[in-house]
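One structure below.
Letters A, B, C, D, E and F mark the chains in the order given here, with residues in each chain numbered from 1 onward.
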């Protein structure tokens, strides 16, 4: 009965999201005894002005 | 002093959100001794390519 | 396919949690077209030293 | 290795987000022994129809 | 620079958590172009009185 | 009307939490036009077996 929330930059393609949520679901079933039927995986995407690392927003960084 | 975060598909109308957040607030006051004055309810909506169940994205599902 | 996360002080009884999660589920079904079968409601409880309002921790407050 | 998630109304400027995430990062380093290098601060913005206080949506409130 | 939050029942062993967080990290690197160095995976465990499905708490359910 | 959720290792003292939540509240008021009266800051602490970085749990790491 679990759920998994992925938080990342915007910019992933539909195919990437498809593969990512499938792989995370498989990991939950294999390693955490999760029942896939009620297992949710959400993807939340942030623009580069809404995420800072080391106190610097993504829009102001030159690396990822 | 609590808050409640609702995570669901996009597509609810303004009237539905109005009724939903009111009903959840009432439930918190009645059953959890919450003081409504500082009680927040947020609604976060996901597109169908950002939520998977059983490892399948909403865009690829035929049911809800 | 939604989920709802309740964040509040610790101290609710089992019966309160039972009534609260039932009432929130009912609100989601009635007002948000949710299918209850895959609808999760979680309750996360915080000690009074892990929640501040207006910059003052619960342990240092005299009200709720 | 921590992360901090800010949830608020939409409407902050880029400069406000820049200053806010920097100040929160500084607070984490000074008061919580955080290593800034892997410290993330995210800002999640809600429209006024997706946040209720005291059971009333932002769109229906006259104050903030 | 992403993070992933896993929410599930309590009861996983240390080895399960070790394998699960490794597998999710690998999925993020392979399918979401994540840089593992700043990638966090958290596991939040709920007791059976703090999670309801279909309006029924885990303590009152006979299945998972 | 915002709230801020801090996620970090367990082990902060009460005085650290007091200073941290105060400083974050001040940052929200100064940089995000927040009204402190309904501003919540929560601190969620994780044990070292419930947080991985770069795919390695805290219990298995030698650095922070």
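Definition applied: a contact is a pair of C-beta atoms (placed from the backbone, for glycine too) under 8 Å apart; a residue touches a chain by one contact, two chains touch by 3 or more.
Everything quoted here is computed from the prediction, not taken from an experiment.
S.K.: Quick one: how many steps at least from subunit A to subunit D, stepping chain to touching chain?
M.R.: Contact-graph shortest path, subunit A to subunit D, evaluates to 1.
S.K.: In whole angstrom, what separates the CA-based centres of subunit D and subunit F?
M.R.: Whole-Å distance between the two chain centres: 12.
S.K.: Using Cα averages as centroids, what's the distance between subunit A and subunit F in whole Å?
M.R.: 21
S.K.: Between subunit B and subunit F, what is the separation of their C-alpha centroids in Å?
M.R.: Distance between chain centres: 24 Å.
S.K.: At which residue positions does subunit C touch at least two other chains?
M.R.: In subunit C, the residues touching two or more other chains are 1, 3, 7, 26, 37-38, 40, 44, 51, 53.
S.K.: Check the chains against each other and report every pair that touches.
M.R.: Contact pairs between chains: A-B, A-C, A-D, A-E, B-C, B-D, B-F, C-E, C-F, D-E, D-F, E-F.
S.K.: Show which residues of subunit A lie in contact with subunit D when the two form their complex.
M.R.: Against subunit D, subunit A makes touches at 7, 44, 46, 49-57, 59-60.
S.K.: Which bits of subunit A are touching subunit B when the two form their complex?
M.R.: Answer in residue numbers: 14, 17-18, 21-22, 25-26, 36-45.
S.K.: Which residues of subunit E touch subunit D in the complex?
M.R.: It is residues 1, 3, 37-38, 40 of subunit E that touch subunit D.
S.K.: List the residues on subunit D that touch subunit F in their complex, please.
M.R.: 1-9, 12, 16, 19-20, 23-24, 26-28, 30-35, 38, 51, 53, 58, 64
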